[in-house]
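The two complexes that follow have chain A in common; it is paired with chain B in the first and with chain C in the second.
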Partner chain A sequence: MWSSNWVREALAVLAKDIRSEYRTRYAFSAVLLFAVTALAVVSFSVSPYSLDADVQAAFLWIVLFFSAMTGLSRSFVREEEARTAMTLRLSTAPEAVYVGKLLFNIALQGAVAAVVVPLFLVLMDVAPAHPGLLASATILGTMALASSSTIIAAIVSRANAKGAIFAVLAFPVTLPGLSSAIRATTAALRGAVGSGSALVAGAAGDLRALAAYSVLMIASSLLLFDFVWDD
Partner chain B sequence: MCVCNSRLFAALKLLLGVWMTVVIIAAFFYAPAAQNLGQMSRIIYFHIPAAWVSVVAFAVCTAYSVRYLRNRRTQDDAAASFSAELGLLFCVIATVSGSIFAKATWGSYWNWDPRETSIFVLLLIYGAYFALRSSVDDPSRRGSLAAVYGVLAFITVPLLVFVAPRIPAVQSLHPDGPILATGGGLDMDGRMMTVFISSLMGFTGLYAWVFSLRLRAWRFITALANRQED
Partner chain C sequence: MELIIDSVSMSYGARRVLHDVTARAGTGQVLVIAGPNGSGKSTLVRMVARLARPTDGRVLWKLDGRALPATDIRRAIGMVSPDLTLYDELSAAENLRFFAQVRGLSATPEFVRSLLDRFGLGGRGGDLVRAYSSGMKQRLKYAFALMHDPPLLILDEPTANLDERGVALVHDTIAQARLRKCVVMATNEPEEVRLGDVVIQLGA
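Up next, the complex of A and B:
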């Protein structure tokens, strides 16, 4: 009974955020334009050269990381700015708020990645050696980015300099996930050089590390969220 | 009780001063130089203890943060921030001394060796922790936000230690030879070992002393502020 209520509340928070995002399209358009601009700058400046796979993977994740940094704090900061946080605090269980915001961030970052990654392949003229591996690295990397930055967004929304410190706080915490995602993407893009069981085993290890990192971040965020949300 | 305690502390403080002096002298004149690195190997008596203290200080900061989240005593929050301050100081010492050593032996100040990466991230975490503290006005909210961030960052540190050494094509440049045997155990000359362990204890003692000093000063200041309010 209690648990079904809880899930319903989380989904209600998610639906509310999606609806308000659909009406304004603020976060999505800002993040997407940022990502496309960054991608265009990168592609424009390196297009004469054929880059190595690890450089390409690093570029892709730099674009994805910083576009996440521009958009993922919105979900909490908007509640504070519109002064609706107090109502949410009264009406909804803290864990439900966290899960709803987490799902919204995953959806937002997933939508951005779904545009950026194909665009990246086209602009940089890359044919990934293992498309399936690239897709799973992108999905799990998106999960990792969203799961680590949702709690940071909640912390930042309670502080004064909301925009300025989000990336500063998120970077050290996100780094383990980010470096695993970059390595898995490198393996997916490169393929031919080290193709064999060793490469697949290494990439599988990175994907497992990404999944474990996301689970760890979500679990510890659920434990700590109450202290950030209710003070 | 109180008098006895303060006498004990004074004696310990004197002991610490003598201990550190002996360690510094012994590091240069008693311990032999390592075979491959020569005189430069003497950095291990200062660089590694500093790195060790910066990690210990972070662990102490996390422990106080958890205690603050449990019972909301301002003293725990203050202790967490003091421990982080000292950790930042020792982290800078370890980074700079290691960087000079890197220039002397490997030819460049920074190489993104796995251990350099992890100490750099620790430095970033400390920086972010203080950036967060300085951007919140309300003391109780500052305490809980900083505590949550400290705990969250502490959870990711073991991941980083696990992930960073696995970065391919980057073999660790750190000279394990004279310090860590291939089996993983310590393999040092007896005299080097003695000085190294003593230095480790001395640095930890130094940290504990400055930390308690800082905490005592904080107690005086808050007591004084409370009295002035009354």
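Up next, the complex of A and C:
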């Protein structure tokens, strides 16, 4: 008897979260402050030329990972703390809430990456050998971080000591995606080492692994979210 | 709409909050849940709104004689409760537009304006909710609860924070709602308890 279009509902949740974030800067400021501070501290204390591409790539993803840990839980935690979660439960389909929050987290982490990655290249004085590969690794890595963080944030949002639990739970879940992103980024930065075709084949495998990881996380989250959100 | 509360019990660990509560109410009836503080009124209200599940027994929501599927129960319910909070950082109009969108309603400016006018908030729709008084927030919650014309209206402490005019507005709303809806109300106000066709009296 009632029409349901959860895609439209999910977009409404996304628009609401973006508007709330724009008004409060609840997550973006904290995430960006952490990311920029970490980048600045390391780049000023370590000579960029002394770091190999794999160390640089690991450093970039450590910054992006902890930025995600700082900010991505907040979309759910904030609903619980402001006591709006129950209003949302009463009015919105669970899958619309999940997809809306996921899209918001992708947008937030994407915005952070859009600031952090160019800043990283400038501060570390890095000229990536394959800029397209770096962009692909960043986009897919962002998707992977956001997809795993969103469901974990929903799980921990009603717990005490949310921040600590979030990071502890997120690390093992995120690790496979994170290691693929680091390898793909290393290939994008290094470039000259190894034959071109081997490099591309290896990096393509990592990008496929990242895409598969995100699809798997999103599909399993959609199946599980109803229980996480309603129970 | 028919609401069936069938031998419902609720415990939090060893502490039993509700024990074997049974009641039934339909369209045109007001079910009142009364009892002192801590007697489990709000817990029972949350179960009726499907926001909590009983440890024993069951709650059934029927429409036209058929049990509603889980996906439709949410849309059949309108609720006003101190446990429900709207978004402080959004304006009243933005809140109503958002909740209309997620409920699949046509969230036109006219629709939002008519809701605000109906609950005495016309002209203040652009204000952020954080700037509202508690009474205005309570009125906004009524607009949220009734925007989709739900067949089941659940009211937890329905006149909390309202001034005399607000109380009159709520009583008028209940009087209109009971003609076409099933109304569930948790209250200790004697005047509101008297409105009940069915009364569940909970102990301490």
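Note that the second predicted complex is superposed on the first by the 224 of 231 C-alpha atoms of A that agree within 3 Å, B and C clash if a C-alpha of one lies under 4 Å from a C-alpha of the other, contacts with A are read in each partner's own complex, and residues count from 1 in each chain.
Definition applied: a residue touches a chain if its C-beta (ideal position, glycine included) is under 8 Å from a C-beta of that chain, and two chains touch if they have at least 3 such contacts.
From a predicted model like this one, the values you see are computed outputs, not experimental measurements.
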Query = First (chain B), second (chain C), both or neither: which does A:Val168 touch?
reply = first
Inquiry  = Touch test for A:Arg8: chain B only (first), chain C only (second), both, or neither?
reply    = second
Message = Taking the superposition on A as described, I'd like to know which of chain B and chain C A:Ser50 touches: first, second, both or neither.
response = neither
Message = Is A:Ala209 touching anything from chain B or chain C once the two structures are fitted on A? First, second, both or neither.
response = first
Request  = Go through the superposed model and pick first if A:Ile151 touches only chain B, second if only chain C, both, or neither.
outcome  = first
Ask   = Touching A:Lys16 in the superposition: chain B (first), chain C (second), both, neither?
value = second
Query = Just chain B (first), just chain C (second), both, or neither: which does A:Thr24 touch?
reply = second
Ask   = Just chain B (first), just chain C (second), both, or neither: which does A:Arg183 touch?
value = first
Request  = Please indicate which partner A:Phe227 is in contact with in the superposed arrangement: first for chain B, second for chain C, both, or neither.
outcome  = first
Residues on chain A lying within both footprints (that of chain B and that of chain C) = 231
Key: Touching residues on chain A, where the partner in the complex is chain C   = 1-5, 8-9, 12-13, 15-16, 19-20, 23-24, 82-84, 86-87, 89-93, 96, 231
Ask   = Hey, which residues of chain C end up touching chain A in the complex?
value = 49, 51, 53, 63, 71-72, 74-75, 77, 79, 83-90, 94, 98-99, 101-104, 144
Request  = Enumerate the contact residues on chain A facing chain B in the complex.
outcome  = 151-152, 155, 158-161, 164-165, 168-169, 171-173, 175-176, 179-180, 183, 202, 209, 213, 216-217, 220-221, 224, 227-228, 231
Residue ranges of chain B touching chain A (in the complex, touch as defined) = 69, 121, 124-125, 127-128, 131-132, 135-137, 140-141, 144-145, 147-149, 151-153, 155-156, 159-160, 162-164, 167-168
